[in-house]
Each structure stands twice: as structure tokens, then as C-alpha cells.
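Chains here go by letter, A, B, C and D, matching the order in which they are written, and residues are numbered from 1 within each.
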């Protein structure tokens, strides 16, 4: 139904796609796989006309097409969720879903109908939020779901989903897959990108693997094993997938001194007062459902939002954080979930983004020597495998996963005493993810306190010594990670009290 | 606090301050309570209002249009030259002038969008161009005694209570209503907001970014030309030195009205209030009538500051 | 007259702005004279914008002042608002600049100077000075702000006079925006690109003063190598004339406050006044400048 | 060839090329245009004039560059120019001995001090109160002009002070002092910004304010510093302008210079949406504008057509600088060549947005 052949796309200095072929069939889910920077998103943008293609052919239903822009692609029945949430933060949720095809009456936009219909659509995705709410104030996960809601509503023939699940938890993923399967059964062709191997195998019928902008191969899901798939992606031999994954943590840290402790810290309208302590050398994972307040909790600890009640002790002194700067000065680092809005400065280079926090702490008068900056940048480029491995590349030009690595590098570099990571592995490929998990373990071993947030419960359980559970913006439980299984945690979440 | 949508807070704040300033004026100056004083703010600023409404569209997309003042001047000169010197009838002249403004806007919008040049420079070049064209047409100021222009200029629109508006002011009110409708109830309007929120996202969402951006500058050019026509009614003359620096007044009105210069947030109603703020400041100063030239400027600056500080304060408190 | 406050006269005065020292002297004179004459003055500064002036006049009407006076920013475009004044029975006095309305009933009288005549005076001086010079007389002209009435008129008057003889040639003409800094900058460029220059005609003194510095910088003697004639007659210019750097200054008198107040009183009392009153103005050569210098106030 | 091509890729190549064309135009009309003579022991010539009259604009634009890099804009520079000149001249005119160096230095110090205070005020409004920069500085633009007139009493204050003349109209080592001062400031700024971390932090604050806050950058302080610096530059430019004509004109000094300054910044390749900035580009932009002005004089373009000419040149510079425009031009002839340079990403992604 849709086929692309001989696709080539060059950016200044980088060949992002080189002679790539890709095809889709109605009633099938086709997964596009590859490491960070392999060219998946670029292929999608080439398909929808968001990028001009340098060479190659695209045909839809047998006739050659070349879209001048996403508008045309949409009109031709291709509906897309791009990787970075590409919505308008200043508009309401409902508008983001319907803009461009608002329900109208007598030629004017019918606002009530729009609100009602979007509420309905959101319910279909199990999302209960006010359609009138400004999108920018919603968490990344919600934004991702809104983008999906926007895409699935069109009477499209092709649905393209670029990492739609990167910040969704298991429940939402299940809901999404339900929707996707229905659409597939109605004969829609679906392109799906994800770094979660299990998800890919759970949903897709066919897979295409890219590596370094080149086509590796196309496989039927039933004819390939996860190990082979990963091997195709990373291009090296693997015995088992476990080779990539570090062993699971057990509760440790024992009786090391407490580094951070809150007593009834809270903020009206954001998060209920909570009491939590984190020891040096201990990784505390935060588990909870979408909107349970994990992000809000960690923002309070970092002073990104100001607490209006309770107290916080960092190290030896009780502090009242008025700004992130105050937190940083006391050895706290915070890697935010929304890398685009809160994290990276896209106009600056990889090097500059990496040293930014360190430089901010030193103040403007004591610049890091250029040579030192390069050393630091290079060491993280190597460790986290940032591609392209060029410290002078502009961060805005990097692929999503690589951007995330840069952000992470910035905070690892500051060598904090408490490292807060909000969805640090969002959009990162399995190889690098394992690397990061290993790194966290090492850091903790060296005495760093870590607060770890992830929508992927597995991951939380793998890296943390302790798991704190949130529900309805309150901390409901905290348990040592001994023999914990995802089900046990989910049970706690569901019940809203200690298991 | 009442559950007022935070987006409307700046507007509510501005209304409150405007009221306070008005009450202050009524208490201090005898003739101030005359309802005509308020209406005159509208009558005297009708052209600014129209220009500012056009500017609102542009700023909402995150752009800026510096050419409006010059386009206003060009429009007045064109009106005068075409009627007085070329002898064309007003019914022909006015459409020609409006089309010229729209065309200039269209040109600038196209260059801005298709060649990706910053709006600031393009419209600055447009500003030079329009003023240069006005000079080329005439460096003298030209009086007009065309029947239609005179009639429109001098026919008051009676209101109850012995008050009256001008036809220009009525046109300005219509423009405001049309603009509010466009922005709130049409796809064009919503796309304007979307582009202001994030141009790239708007593009990826499949919105007609190119068309909308060009349209927005066309609207602004049209509004500027219309403002020029209204100014021609107002002064019954054409003068190439008209409206120097008007672009700043227009931008100020838009921004005081709560529209964010980066785009994406704001309302036409805010712009109306912004124009009223500027007009009221001026009226207060004229009524005071004792300030020297420099104290006049200082007072304008200080009152502007007060308005904005109060606005911020109210918004802060309410949050 | 209106029904303003009791027995004293209220005068609404809408000034152009404060764009030059000349204008400020004009404003000061009006204020001082109003105070001396016991007239209550409502003053408004239009910042060079006609719209603002119209607004001011409108608000004067609202406030029912007894007399309105204003220096129009431009000549045209006053009919509507002046009709309103007429309807409200408030007499209007024009100062400094005239308006071109055919309906002269809209104002009682005009008090001010004739810019075209000033240009002619400058031109006449040039023709006298170079009457018997051989060959072409090469003239550089520093114009005022493009499109402004004094610039247009002074240019026109000057051109009228020198246009009679082909030997006078304007070899360079550019706007200096009525300021010293621009006058200097433009003159520097003239000196390099326009070749020999015999006379400089500046539309106001400030540009001439700036040009003098440029001429000196080029190693020439202002007033000798290049003759200079300018308009206005501010103190610094008379000083320069006395020092031999400017040859001729055409006066444009800003001090019309006392004359204005006389007219205002008469108009308010309903007396008949002449439709046009000229301000007393002269012109200075270098000797006259030296003599006038001690009592120059502006 | 390759050298040429890599030169052509440099983002300042095109403005520089336009400037060269303008200069060539001048030479064609006035053959002596490039000649630089030594007169009374100092350099004299049209090129020197361009630098000399361009010096104040360079200064103002220099300050403006950093403000623009933080996503701001400073409309008040014109007023600051007027105020600082007025303050200095007022002070000097009241000295018993106008030629006293100490007195003049004090005047300069006070004037710059006042400018600094005004800059701090702008910075305060923008960073602490959180007013949008264009409005915050509009306040000072309006009121500041009034302040300048208040200081001068609406008249022109003429001073007669040798030492004061030096700054704007005098010569050091045969070179106009204003050029030396302006270049000195440019060098100082470049050093300050690129040798310290200030430049990077400014670009970060301009590029993404929220991310910068979360990275622990003191954005407020940086904003204040930047506005203060901008006002300081404007103040110095004001001194230069007033010293050049030995007088202070509170009404007209620096009128509309903010537009020229912003234009210089933008022509120099800095985006008004903040982020990356280029001091060298700004200097080039300012010189381009001054060359344009001078060209108008030498070509003898009548004042009523000056603006048309300016519109033409500005449009030409912008178009030729725009990668999209060049791509469109060359797409007609041959397949597109990849554009390179500073705004790689912008060039690439924006081109897509345009489609």
C-alpha cells in the first residue's frame, strides 16, 4: 500500500538516510527499529513531507507521491504522531486535538462540540483530563496521549507513531495497543517506533531495522527472535538480551547517613505533604501512574517549584529552597522529563549543553577552559555513545535519544550528592539504557543519593534500592526493593495504601 | 478568588486600572465626567486602534510589523494625491489605497516566510519603502476638499444622551468585532495562535503555516492602510510625515493589552484596552495642561509604568 | 467666548513639540507672556504629531477654554476640528505657521513668520554677495527634515531667488534633519564628494554650526573659503557670525509670546483683529550679529 | 577555489560583499573615495569618516547585541544617548574652567554613571518585575527623552572644552579617538564575553530561559548586567555624539538610533528570538549601515528618495544573506547544494517549515 525506495536524506555533514527502502501493508503494524540516531524519525519526516527528500521514491496505493508538507500528507490519509511532542503548548487540549479540522457550525468553530468530542476521544484513551486545559501545563505523558488522540481521530489510512510510548506506563500502553489493534483490524496500516523490545513484539507484524542511516533488513515478527533483532540493530553479536541488562539491584545502602529528608513538604494544588528520606549511596525509585505527581514531587525537592509547607533537610542543614540554584549549591541535580522545554538549549552545541550546569555553578567569571570543556564533553560522548560524536554539533540537530543523553551528561557531570532523574531514559535505545542503568549503580556505589523516576516500572525495580509509591499526588507507601515484583507495586498503587 | 481563567487576568486587571484612572480624572478635572471625553478617546484613536488590531494578528504569530506607521502615511498621501491631483472619485480611491496596503503586507509576508528573513528587518525595509513612496508622491502636505471624504469626516454618528461618535470610530469598532470573530471563531484565527505557540509544531500538525503567516502580514498591511484612510478622514489631508513612530504606539497598545510579543497569547479585546490606556494617559495629560514638553514625556513614561506595575501586581495577587 | 473660569481668560495652547532649541524658546516666550498677562494657560505638547494636536484642541473645546492658539504641525488638515471649535464658539489663533484652509473664517488671525520669505532673504543675500563673481557659484544646501514645512518653504524661497540666474548652481543638497550632528556629518561628505563649494545654505542654524566644524576639520576656513548663510538666529549662530564663521543669519523670531497675548485678549474681548500679523524679524550680517549678541535670550 | 568557497560559506560573507559593492559604487563616483591623506598629522578621508561616524552606532549596537541575545530589546538607547550627552555638557558648561581635564573626566564619569543607573533600571523592570522588554524599555524611551530635555532645558547646551572634544572629534596617534574608543569597547566586550563564560550563559538564557533557570544560571543577574552594559555603551555613544559637535541636543540626539542599532545587530546575523550572537557581525552590520548613509551623500540621492534606496539595499542584503533565497535561486539552475554555517539547523528545519 505504501512503499519507499532508494530514500536518501542528507543534512549538512551527516547522511541521515542512505538508500533506505520501507513498505507498509494495510491491516499490519510495521515496527521501525534502530538505535538512537539510526534515522527512524528522519524517515518518517521524509515520508510526511516534513523534510524534502534528496533522492528516492515514495508511492502510495501504487501512485508516486511526494508531499510538500505534512498538510498534504494528512490530506492523503497519513496521520502522524512525531517523536517530540509537536503540539502547541499555548492552546487547550481540545484545540490541539482538533485544530485544522475543528467542528464547525454556520462556518464558525463550534466550541462546545469540540470540547465534547475531545473529551470522548480522551476517554477512549483512558485519559480523564479537562479538554479546556492549556496543554503546556500538562505532563509530557499527557501531551503524548493528546498527540495520539489527535492522530487516531482522523479517518486515516496510514497511522505513523514515532515513539508514542516513551513516557507512558504499562496501563496506557495497553490502552494504546488496544486502540491500535482495533485500527489495524479496520485495515489501517500502522508504523510504530519504540525502543521497548517487548512492546514491539507484542504489537507488530513486521519489522524494519535501520542502522546508521542504512537499511539492515525487513523481518516478519514471527520469524525473528528478540536477540536477533537487537543484534541487527546494534550490529554486534549477542548471546542473550541479558547481556545488555545489568543485574537487578537489591536493597543496599544499609545505614549510610541520610542525605535528603522531607517532613510534610508540600505545595497546594500540586502535591500533598509528603515525608521521604534518601540515604547516601541509595537509589530511591518513584512509582506511580500517570499524573500521580512524581514530577511535581521532584520539582519541589529541586526548588523548581517553591514548597509552601513542611521542611526539607539537605545534608546537615534545613533549607528553604527558593530556586534551583539554591538546590544546586547544596549538591542537588535534576534532570527534567521535558528535555525540549526544560532541559536543552537547542541553539548551543553538545559541548556547551553538557558543561552548562557546571559552568553555571562556577559563575560567569570562572570559565572552564575550552580544553577542559572538550575533554569532559568527549568523555560523556564516549560513555553514553552520543551520536554524532561531535562536541560542536548543535543539540537541536541531534536525534531525540541523543538529546536525552546530552541532558543526562550535563547533570552527571556536576557530580551531585543527590541526583534526581525524571524519566532519564525516555527515548533511549536499549544499549545506552543499560549503560545508563549501570552508571547509576556505580554512582550510588560511590555514595551518591539518587531519586529515580520512570514510567517503566521494570526499570524502576531494576535500579532502585527502595521504591516509593505515589497515588493522587501523595506518597502512599515506601518499600525496600526486596523480592518486589511489578505486580506487587501495581497492587499498592491500585489500592492506594501499603500492601 | 473567583475561578477566573488566568488567561483573562491581565485583561481584567487592565479594565480595573482603566476604571480607576477614569475615576481619578473625573475627580480631578471638571469637564472629565462628560461622557464625550471617553468617546473622544475612541474617536481620536480610531486609526491607531485599527492599526493595532492588525498588529495583534502579526504579534500573535510571533512576528512584528514595523511598517505600519509608514503605510499609514503612504495611505494618507495616496488618498490626497489620487483625489485632489489625479481627480479620481473617492469610491475608487479608497479601494485602491486599501489594496496597496494589503499588497505591501502580502509582499512583506511572502518575503518573511519564503525566504526566512526575520520579520523585523523585512518590515523595517517595508517601513523605509512605504515612507519613501509617500515622499516620492509628495513632500508637501495636501489638503482635501473632496465631497465624500469631507462628508464622512464631518458627519457625526449620534448616540443616545447627546453623545456622538465619528464614522471612523464606528468603522474601528467594526474592525475590532470582525477581528475578534476571525481570531476566535475561524480556522485562520486558531492557526494564528498555533503558529505563535510553536511554528514548527503547527507545521508538523499539518496546519497551513505558509498561507497563514502571509495572510497575517496582509491583514496588518490592510489594517494599516485602513488606518491611513481613517487618518485621512480625521485630518482631511495627506502628509508624508504622518504617523512617524506609530508602529511603536501600536506595538505598545498590543503588548499593554496582555499580548505576548513572542506570540501565542493575547486577545483583540486586550488591544482595545491597550489603546484606551494610551489614549487615557494622553487625555489626562492634556486636561492637566500645566506640564511643559519634557514633563509631558516624563509623565507619559511614569503613567505607563504605573499602569504596567499595577497590572503585574493584580495578576500576581490573583494567582 | 466660552464660559471659562470667571474673569480671567483661559488660553489653550497646542504646541508642536520640543524638537529644537528654537521651539523651546518659543514655548518659553508663550508661557512667560501668559503669566505676565494674567492669562491662564493650558499647554499641550503634540510631540510633532498632528493627531496629538487635534486631540489637544478637541480636549480644549471640551474644557471650554476661552481662546485656542496653536502652531500647526502641518498646514493642512485642520478643518474638521476647527469647525468644532467654531461650533463651540471658541476663537482660534494660529501662531508660527499658517494653515492652507480656504475657509479663513475658521481662525481669527495668524501670527507668525513666512518661511518662504526667509528662504528668499537668504537667496537675496547670496545673489548680492556673489553678484559680480565670475563663473558659477557652487552652492551646498543643508535641508531640514524632509517633508517638514520650514524645509519645504525655505528651499522653495531660496530656489525662487537664485533660479533667476543660471550661474548659481546647487551642487549638493541633502537633509541634515535640523541637527548639528547630522549637519556635520553631511557636510563632511559634501566636502569630499561635491568638489569646490562656494556657499553653504543651511535651513537652520544648528546644521550650519555642525557644518562649520566639518569645514574646519577639512582644513578650510568657514566664512571665508566657504560662505555660510543660515536661518533662525539663535545665540550660538550669532556668536559664530560675530566670530566671522557665518556670514549671514536670517532671523526667524520665536519670541512671539507678548504679541500673541495681545491678540488673545483682543480676540477674547470680541475685538476685530487683522487676519495676519507678522512677527518682527530681521536678518543679521556679521556686524549686526555682534551688536545683537548681548541681548539674545535663546 | 576551496578557500573561496569556504569563505563564501561564512555567514558574514554576504553582508561584507554588499558592503564591498557599496564602496565600489562610491569609488566609481568619487575616485578619491579610498584615498586617505594625512592632514595636520591625522588621517583624513571618506573611509575614516565612515568609521568615525559609525563609531557611536557600533557602540550602541554592541550593547544591543547582548540584549537581543537574551531575547530582549532595548528601545531606550536613543534616550540614554541624549541623557548622557546632556548630563556631561551640563556639567562641563558649569565648570569654571571648561578645559580642565579633571572636570571633563568627572563629567564623563557622571554621565556614564547616570547611563549605568538607567540600564540597571531597565534590567530591574525586565528581570525582577518581569515586564516584557519592549514595554519596559519603551517607558524609558519616552520618559528618558523628557529627562534629557529637562537637563538641557530643551535648548542646545554648547560647551567649549578641548579635552571633551577629543572623545568624539579628536585624534589620538593620528587616528580619530572615537574609532579607537569604539574598537577598544568591541575588543573589551569580545574578551569579556568569550573569555569568561558570560557569552555562553547569555546565549543559554536567550535560547531557553526555563532550561537555563533549571540549570542553575542566575538569569536575573545576567539580564540586569546585560541591560546595564547596553545602557553603558549607549551612554558612551552619547558622549561621543555630543563631543563631536561640542554640544548636547536633548531633543534630537540619538533619535531613532535604536532602530539602526537593532538593524545592525540583525544584519550581523543575531536572531531577535535570542540565543546565538555575534559581535563581529554586529560591527559589520553597523559599518554597513554607515556606509549606506555615506553612499547616499556621495551619490547625491535626493532626500525624498533616500528611504527608497535604503529599502532597496536592506532588502538586497537580507535576501542575499538568506540561505532559503540562495537555495531557491540555485534550485532553478542546478540541484541544491547543502548550505552550511551557523544556523545549520535553522537553515535545514526552517526550510522545511517553509515548504
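Note that in this section a residue touches a chain if its C-beta (ideal position, glycine included) is under 8 Å from a C-beta of that chain, and two chains touch if they have at least 3 such contacts.
Because the structure is a prediction, the values reported are computed rather than measured.
Within the contact network of the assembly, the step distance from chain C to chain D comes to 1.
Across A-B and B-D, it is B-D that has more C-beta pairs touching. Seen from the Cα centre of chain B, the chain whose own Cα centre is farthest off is A. Centre to centre, using the average C-alpha position, chain A and chain B are separated by 44 Å. With each centre defined as the average position of its C-alpha atoms, the distance from chain B to chain D rounds to 29 Å. In this assembly, the C-alpha centroid of chain B lies 33 Å from the C-alpha centroid of chain C. The centroid of the Cα atoms in chain A and the matching centroid in chain C are 71 Å apart. Within chain A, the positions touching two or more other chains are listed as 50, 69.
For chain B, residues touching at least two other chains, in rising order: 135, 139, 200, 203, 292-294, 296-297. For chain C, residues that reach two or more other chains under the stated contact definition are 18, 24, 27, 146-147. Arrangement of the chains shown, judged by which pairs touch: an irregular graph that fits none of the line, ring, star or complete shapes.
Inter-chain contacts, as defined above, occur between A-B, A-D, B-C, B-D, C-D. Across the complex, chain B is touched by residues 12, 15, 17-18, 24, 27, 31, 41-45, 47-52, 54-56, 58-60, 62-64, 74-80, 83, 100-102, 145-149, 152 of chain C. Against chain A, the residues of chain B that register as touching in their complex are 7, 181, 184-187, 190-191, 193-194, 196-198, 200-208, 264-265.
Across the complex, chain B meets chain C through its residues 29-31, 34, 36-37, 40, 43-44, 47-48, 135, 139-145, 150, 153-154, 231, 234-244, 282-283, 285-287, 289-294, 296-297. Residues of chain D that touch chain A in their complex: 195-198, 200-201, 203-204, 207-208, 210-218, 222, 275-276, 338-340, 344-345, 347-349, 351-352, 355. Remark: chain B residues 62, 66, 111, 113-118, 120-122, 124-126, 128-129, 131-133, 135-136, 139, 199-200, 203, 209-210, 248, 251-252, 255-256, 260-262, 292-302, 304-305, 308-309, 312 touch chain D in the complex.
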